[in-house]
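I've put the structures underneath this note.
First chain A sits with chain B, and in the next complex the same chain sits with chain C.
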Partner chain A sequence: MGKTLYTPSEKRAGRVIAVVLLAALYVLLFLLDNVLPQNSFTLMLIPVLKKGAIYSLICVSMNLLNGFTGLFSLGQAGFMLIGAYAYAIFSIPKAQHEAVYQYFHGGVIRFSIPEALQSVLGADLGAFLGAVICIIIAGLFAAGFAALIGIPVLRLKSDYLAIATLGFAEIIRAVFQWDGLGVVTNGSNLLRKYTSFSDIRVGSLRFTTVFPFLIATLCILLIVLLINSSYGRAFKAIRDDEIAAEAMGVNLFKHKMLSFVISSFFAGVGGALLAMYQTTIQAAAFKTAMTYEILLIVVIGGIGSISGSCIASFLFIACNEWWLRFLDSGSFLGVSVPFFRDGFRKVVFSVIIMVVVLFFSRGIMGDRELSFAGLIRRLKRKNTAAPAAADETGGDAS
Partner chain B sequence: MAGFFQANLPYILAGISVGGQYALIAIGYTMVYGILRLINFAHGDVFMVAGLVMVYATASLPMYISIPLVIAATVLLGFVIERVAYKPLRSAPRMSVMISAIGVSYLLQNCALYFTGGLAQIYPTIPGLSKSVTIGSATTKVVTLVTPILTIILVFALVLFIRKTKIGMAMRAVSKDFETSQLMGIRINAVISMTFVIGCFLAAIGSLLYFTNYPSVIPTSGAMPGLKAFVAAVFGGIGSIPGAVIGAFIIGIMENIIKGLGSGWTIFSDAFTFVLLIVVLLVKPTGIFGEKTTDKV
Partner chain C sequence: MSELLKIDGLKVNYGGIEAVKGVSLTVEEGQIVTLIGANGAGKSTTLRTISGLVKPREGTITFAGENITGMDPTEIVRRGVTMAPEGRRIFPDMTVMENLRVGAYLRRDDLTDDLNRVFELFPRLKEREWQPGGTLSGGEQQMLAVGRALMAKPRLIMLDEPSLGLAPLVVKSIFDIIREINASGVTILLIEQNANMALQVAHSAYVLETGRITMTGTGAELLADDRIREAYLGKKS
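Presenting the complex of A and B:
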């Protein structure tokens, strides 16, 4: 628990390193988008980076609730669904409405925010601003819904809270698939043709990978600022001992609500980014299993560690989509292995997760953060070669 | 009223049948929660595995060997899960055990996905259960009639077991106070294992009845019935066996009546269960038969 204290110069140096690494990362991403040639390596790398950034945000938002406030909520998939739908609905171009809502006479929402802005600000800036505004709307819808259900749900404790939020997520999924709302949600059909990552560009320069990183970094930075503020300290007090926190004058309901609403806002943003990444979205995909997966990533990273969640997200996505693919392919280094077939990767994965849960319950980072100031101190002491530990959230440097 | 009954008879019959099946799963949840204060998220997946074992067993073995084999395998699975995934965490915070349960659920689903290759496995017809019978205006399968009767017999036997036997007494003691009963010389691990064995035994029987009504088993088949059975357990008052059974029957019947309202409403038959859950949690969190507990500082 004990937090290491750093001298101002160490802090400053840590912050400088974080900013430099972050800048280097963005340059690299920009090069990946525009300059570097497409080959089998980058074709695997780019989706992993995009999805990893999105999952980082979603996992950090869940960690804010489960790890920092001690509210065991299992409603993340529901809030992501709201975010994804809100984003998609407001950004489908007017001309595409007939095609997308083909069973609902073109739907009732007959405008598109990116399109409206494009007509005023030009194609590039309009698409970018429109996407950002839609993402914020997505977050607000998710947060609004969280505020609504928070009033009754947050009275519940631990496992009852978990099962109630899970129940709400399932209800949302059913409502969004209901034909009665089809004019807005397109029923159980796909939503598509909305603004996606590939629409974010300046002239011929593409920002398909930069954009999700930009939004995710910004959001995670905001969460870090929140956690380090007095609100964050109140959240941690509630997590450690609710009754003691109340006795010390922390307004339980207010702070729980705040954490719940903010976490849902960012889950909604994450859902919107996921919608952009996938280019099509369907309510049926946001199952409880999705929440479980996110929870397990948070556990692997360490409950109560922002940088842990980010590292675990990138590791999970990279293993899932890239590094462990060979487990499904039937052969390893040219040798055919009979039990390597479809789904084996997932089995290996679940076994790893169970091992982490049972024997390394603190996960990768425990409740510590990756900090460059700490790294500097260790380097000074050892004076050895620099370990390569560049993390995308570099902003946590304390 | 009579008209409503007449019109909805097929749905009510299906509801009673599925309600009995949920009841058999719900008992597993409620007993485990009563003793360990753990929502065993993996229970629904154990139920699904029982279905898959049946598919694979009947492929090469006759029915009279397959059925006991399914029950034995499910019981063994439940026992192993408890020993491997929950026992090491006995002194850990409740959240860790719940995460472990979610991990087990993820593992079972992924293993099922691997072994089935992602294909739906056709469930075998159990002779005698799949025959059609006509009651009044409705035609249904024999399993619809067998389920409620079998459920009630099993629940009755279970209640007797808990009331009359020594291990039943130990179970009641453990669910009242975990630590004190340990001090009184109750072998807590044996009691907890017994709870899982009983829960999984009933889930195996439930799966035999449940999947007879459905053409096939897929890796996620257990998730929804599992959650609904859990809601039934909460509705009835978690920790109470009669409560779980009554809750399960109510949920089974209501969800089928909703299915009968028309095609637009089918999507809400699952959501209804959760609406009920939330209403119960808000109005009477202890459920119909639950005991009120107070938190100690």
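Presenting the complex of A and C:
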């Protein structure tokens, strides 16, 4: 349900454009993985695309909770951590256990889901299905933990909820780094050697960039469907006015819990993808700063806009990892600039963020969605003042 | 006629004080019953208690023969009691259509007929179907609040101060619609400070003062009563 009424033909055309663009994107990604030559450009582009897709999913999952249900939660890094660890632990090959858990006598979990599947289904399909199953397990672990802490935490309101979830995320990080659990989590040491993006292949064809996009698109699509269902309406009703929602018969606790658990599930999936992307993970990296980074992207994209979160994710990652890198290098267009040195990128970045927050306080998209149906209408009636274009179509075109 | 709603000896604490100190009232099926009283008399608290948003300290609420005292709002809405809360409380960032659909949240059947009925009662809402609720005027928001409450297919609809902050002409049209809704078979419990309008449409009326019922009668009786005329209608006897 969008905020503008489109004719069926506009909707259909919008949907067709979205599907065509998405298909074109996947063809491009496939070409990047397999055909296009590796040069300094693609070497920067590919990681940005991968990480952008992963962050899109994580930011949309946070937006579901903060933007659509109105629950100000700051536990995202904690749930990502659970997801990343669950994924890694269940997909480290048996032969690697001694090496990975070198301080814990090889750990206690002595099996690997992708390996088990590979022995039955062959190397390619086994690795793919194994990775997908481990990703789902990662989501389920994060969701299960959310259900557990949701019981006390969701009784708190606004800022207090943020403080409590932030606290829980920090506790999770501390617990995962604890030596006592080292036989499972490897304590404060790295987890590595698990199935990563480069293991996803068919024969000699690589799907390293296609895979994270596939999972992210699928998950974001599921979230969009949820938001447009009657559950999504109940979430938005709770966000807009709790008392009125309750008076309409919406069970507040049940729906807050549902939103919290689902958001955490997808944060866990995002964590698993991040683990695959990085090829090694360590609990120490999942700091509060990571949650703030995600929150920042959500705010820049627009609280309550799925497409805004996706666009902002790619922009943020591209700026952070690529476009603003020259600021750290000491020279610009061959001219050496004295204050361009390590860390200057962060200064410029902070200024850009301040400008965005000061002058675009509703974010890039506000609470609207990118809509191809809306674009068609705008192109058709350039002269008439069309109402603000906003619809869900194409919101998943990450 | 049968009793649809019966409240017996209701006492409610709200915000640290005893806001309702023993209210008993009966709503007959098919009627418009009004509860009038000054600010702070306990009208809204009574209504919030019926809908389950506030739990009573003492007393019973019976709806259609079933004791619903202390039930969750979800269960009470499911049994056919809905409300248009004080201050309208529409969902500002959701469209008019979405607002109406949330009203029917507990229903799993087809909504087309009921949406059409609401749009027939309030043609203005049809025009504003795709507009966020927060952009509507006060009168339109009140229409939306009433429409939203109707979407649950209620047997009893409770309206909390529907005339609050509206222009006299708009108030009149809202009251016309209240009559129309009642004529279609929905029982109405109306809370009002605008005693004049409320008593004109009501079959029976209760006067609430500092948490207690002090007077009761038909709408016409109370309209003619000297004490009511002086206290609530501002007319010298």
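Going forward, the second predicted complex is superposed on the first by the 380 of 398 C-alpha atoms of A that agree within 3 Å, B and C clash if a C-alpha of one lies under 4 Å from a C-alpha of the other, contacts with A are read in each partner's own complex, and residues count from 1 in each chain.
The rule is simple: a residue touches a chain if its C-beta (ideal position, glycine included) is under 8 Å from a C-beta of that chain, and two chains touch if they have at least 3 such contacts.
Not measured: the values here are computed from a predicted model.
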{"item": "Touching partner for A:I300 - first (chain B), second (chain C), both, neither", "value": "neither"}
{"item": "Chain B versus chain C as contact partner of A:R233, first or second or both or neither", "value": "second"}
{"item": "Partner with the higher number of touched chain A residues, chain C or chain B", "value": "B"}
{"item": "Contacts of A:I243 with chain B and chain C, given as first, second, both or neither", "value": "both"}
{"item": "Partner chain(s) touched by A:I171 [first = chain B, second = chain C, both, neither]", "value": "first"}
{"item": "Partner chain(s) touched by A:N251 [first = chain B, second = chain C, both, neither]", "value": "second"}
{"item": "Contact residues common to both interfaces of chain A (with chain B and with chain C)", "value": "243"}
{"item": "Chain A to chain B touching residues, read off their complex", "value": "66, 72, 152-153, 155-160, 162-164, 166-168, 170-171, 173-175, 177-180, 188, 243, 287-289, 292-293, 295-296, 299, 341-344, 346-347, 349-351, 353-354, 357-358, 361"}
{"item": "Partner chain A, residues of chain C touching it in the complex", "value": "51, 53, 72-74, 76-78, 82-83, 85, 89-95, 97-98, 101-103, 105-106, 129-133, 148, 152"}
{"item": "Chain A-facing residues of chain B, complex", "value": "37-39, 84-85, 88-89, 92, 94-96, 98-100, 102-107, 109-111, 113-114, 117-118, 220, 223, 227, 230-231, 234, 264, 267-268, 270-271, 273-275, 277-278, 281-282, 285, 295, 297"}
{"item": "For the chain A and chain C complex, residues of the former touching the latter", "value": "1-5, 230, 233-234, 236-237, 239-241, 243-251, 304, 367"}
